[in-house]
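Chains: A, B, C, D, E and F, in written order; residue numbering restarts at 1 for each.
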């Protein structure tokens, strides 16, 4: 069975960081995700090989598996899944939450996120660079915005699963999940950086690393 | 009872045209939608008056009324409804379709649209500037992309209502519904422009104008 | 003799859709329009092969043939004609109008257009997304602006030919001629989309399709 | 009678420097050029006061007076003349040249220029940052491109007057006429900067200053 | 004596989040940082009141006080200190490090940072969204780059003080110091978000909060 | 021994012109500066070949040789020296000045420059397109800003060497040194353009050309 945090890593790996994407210089430039060379974004697939399915994706139809440490799973629908998004500056994702599940504090380096609740109820919030927390409880059919680049989270404090559709103004919005980034990077972030930043001991650092480490 | 096409007009009126929005120069600049002066976008509300509800909207929770000429209704969730979206470059909308309903051919002058089907089944398509139609049938949970600026439409050929959540990479994506724009503008587009463009007679032009005119 | 609407199609085909082009990252990146791979825009020609003629074009010197259905012809001077324009974010076109000629309602998905009248007199206008028509009569030496993405047209109601030089803030501004797009796309836009959008019968739809179809 | 170089100064004064303008966040935001506060660009005129003439200009219809030191005159058609251009990212100018007239070496800090010859014949050129001159002779109806930010010039070596229509991908492209900038700035650029930069004596510097100084 | 973490807060407070700033629409638009209304960035000071000191700053000449919990201090030179930077898209900062001092893991939501070492030696690194750490030791006169939006840090493992000059491609790059953001936001981030994200107990959360709390 | 002005040329040659660089579409796209094809900027090096040294540069640690005609030398630290800067929109340079040395009037076609004085004292200034000079004396540790695209200079009127670290909001800011551009371009700018622009004789033009010509 697939290890949940490994999934989370692949997911994180799937992301890049992004901002207001550069505008396109033609109607469409469907990504040729396989081919070299890599440019800023992707080179365009041969026009003759483009068809409607390049603009289509069915991978968000079913809930993702949330039986992992965080009790949540992000399923992306970005340019790597929908090649037609290349140069178009937008993408989506579906996030599922088990009861008690958390999409832990993270940033999208250069995309604003807007979520629409498909089901359940979530406690959501973002923190400004002035250290002010803006949080709210949102229910099915409601919308909340997470401004570009700011740390934010969603938590399901309810007794039933929850799910949202998220949209981003980037073809590859990028995600940096904070705890995972700092405590499981490879090579590892030096212990004395973590002990000083969080004012904790090496023992506590090691415990966190162990708990967040990808399951074998 | 509110005239459906009037609603459609207010809706169209609510829109502006937009592209890759300029990046923000601070965390947030919540729109003060009332106040003068108008700038490119909106001036910022006083920081002390900003709170989490500026980033929240519940107006897409319920289906819109589709008992109108087109059998569809677009409900917007843009910067005019969510002031917190100002400078953030993204927005959403909900589109409801009665059985047989059509969201008629239109453009978003400078936003790419990506839709997620909430329920039902739709025939969707866009046309490139090379006059190629890319179309597909999409079902609940599926996604389709309409590249920035290209004419596109969605039609519900099913027997049950359909609905989508649409996301745009603009705080105010702009909509120009083609038939309505050409045949109901005020002052009206000269008849000889329409007769020549569509190669039809003045009688036919007048009939279309009458049919598309906002209901009294 | 060349079929006028075919010309119009090639023309439309020549266009892509565009917005505020991304800024260049070097002085010049002259388009190598032939070579693969395609990127967003064009890859750069070898520096050693660049010369002054890459920034030159003489194709707008003579009036275009206006003996077609619309009585007008657009001759483009974009990156496909002037490879030196690649990454530079600007282009031109010449539009000629026979007496009674019309440049039918169309959009440039992401370029603002500004026209300077070379000769004759034109009735010009654009329609905002709030459905307001802004129109004016312009004469030789006068200028008019068509904001990015909005439907606009020019008509020669005079007894003599007219011509304009148009400039765009894009290397490939893109054109979507509305009637032609909807009634001659291939594969065709479904009849029930057109009948509902324009509130006309299938017979009328077929007649328009026939009239606008490229001449054999 | 107006002193030619003073005209040139007013002209220079009229300009700002510009690049790929930020995209607009609504259909139109017609400049209220009089009013305070100043923002990046201009604040928008009240919608109720906007009309078609805000997008119109007739100031390029007639040749400009070229009886000045350089034998040329630039007449601008930018946002300061056409308030409707605000946020739209494009503008025009007309340049007239007496026989032997020169539009001296200058830069548009962040706009690419494309010129269409209305009459006469010109020697035109630009210099890259690698110090390569690209030059050509262009005639009536021909086009040439001057890449954004590079020093360029146009000279009329013919026996008859010449004129061009220039277009820029900016609402206010900006002009910095090199000799005038260095030798007539106020307060003046220190003499030892000019003597060292041009490897000439103070006497020669003073002579150039005197020759280029605005006529009393 | 000034409380170090309070300083850090003021600092954080001083920042906004930013990306590739929108281009300016005139030569200069010196920030009128006091005045209302706030727009995206700042409105422009009256031209008559602008002088060379608006483009000048001497606040980075002396080392900052590093006798605080982290043993480092960031002194900013952004648009709030140099009003002339408004619309110009760049800024600087000076960072001083005591022996053993750390500039803890943080992000600049939408600016890339490039540092030049003024004195001493630093261990620096950034982490990609694929969780790869890129780190290096840099000495006096050496440069290192921290890509936009990615978590990064600098640590002085040497026995002497260190200092860098940092440059950003934004007038207000924005900083979100990760531990401080999560453990000292107000209102506070819910404990169960922190315990789950870091897989630690409430006691440990409280201890971290206490250690990072601004000194009274 | 290397001819100083040749160095200056190589330097100028190394530059491109640039503005607000397009945003990146992934974390990093390290430049593969050798490989074809050239695109806008550079194609990305294979991810597997990227390491921390791609983001590092030590070439600004030592003062540059200032024993040349101008008594100054610019050493660049842009994308051509630091491949990791590709798509990141920022770069640096070090400028050294002998006593009496001058960094002659020049423009960075589309980057704003901000300088931090490492040692010595400089007279610096920029000229707006309205021909107003803004100048100041800056000392060690002080900062000054040169707005994008405007002519500017720095001169060391002191008795000791001076040096600055300059930062730019572009990966390749571009430099056009005015006297060198006009008097040493190849092929040469026509004499009658220079005589008329500067109101000097052919003899004086030839003398300047000779003095500024790259040393044999």
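Simple rule for what comes next: a contact is a pair of C-beta atoms (placed from the backbone, for glycine too) under 8 Å apart; a residue touches a chain by one contact, two chains touch by 3 or more.
The UniProt protein names, listed by chain, are A, B, C, D, E, F = Germin-like protein.
Note that the structure is predicted; figures quoted are calculated from it, not measured.
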Copies chain F (Germin-like protein) and chain A (Germin-like protein) - interface residue numbers shared by over half, same or different: different
Separation of chain B (Germin-like protein) from chain F (Germin-like protein), taking each centre as the mean of its C-alpha atoms, in whole Å: 48
Cα-centroid distance, chain C (Germin-like protein) relative to chain D (Germin-like protein), in whole angstrom: 27
Centre-of-Cα separation between chain E (Germin-like protein) and chain D (Germin-like protein), whole angstrom: 40
Of all residues in chain B (Germin-like protein), the ones touching two or more other chains: 16-17, 19-24, 27, 37, 39-41, 109-110, 125, 129-130, 135, 147-148, 150, 174
Touching pairs among all chains present in the structure: A-B, A-C, A-E, A-F, B-C, B-D, B-E, C-D, C-F, D-E, D-F, E-F
Parts of chain C (Germin-like protein) lying in touch with chain D (Germin-like protein), wherever the complex brings them together: 19-24, 27-28, 51-53, 55-58, 60-62, 77, 82, 84-85, 88-92, 112-114, 116, 118, 125-126, 128-130, 134-136, 138-148, 150, 165, 167-170
Residues of chain F (Germin-like protein) defined as touching chain D (Germin-like protein) within the complex: 9, 12-13, 15-17, 19-20, 69-70, 102, 104-105, 107, 109-110, 123, 125, 127, 129-133, 135, 147-151, 153, 155, 157, 174-176, 178-190, 192-193, 196-200, 204, 207-208, 211-212
Contact footprint of chain F (Germin-like protein) on chain C (Germin-like protein) as seen in their complex: 22-27, 29, 32, 35, 37, 39-41, 43-44, 46-47, 87
Residues of chain E (Germin-like protein) defined as touching chain B (Germin-like protein) within the complex: 16-22, 36-41, 109-110, 171-172, 174
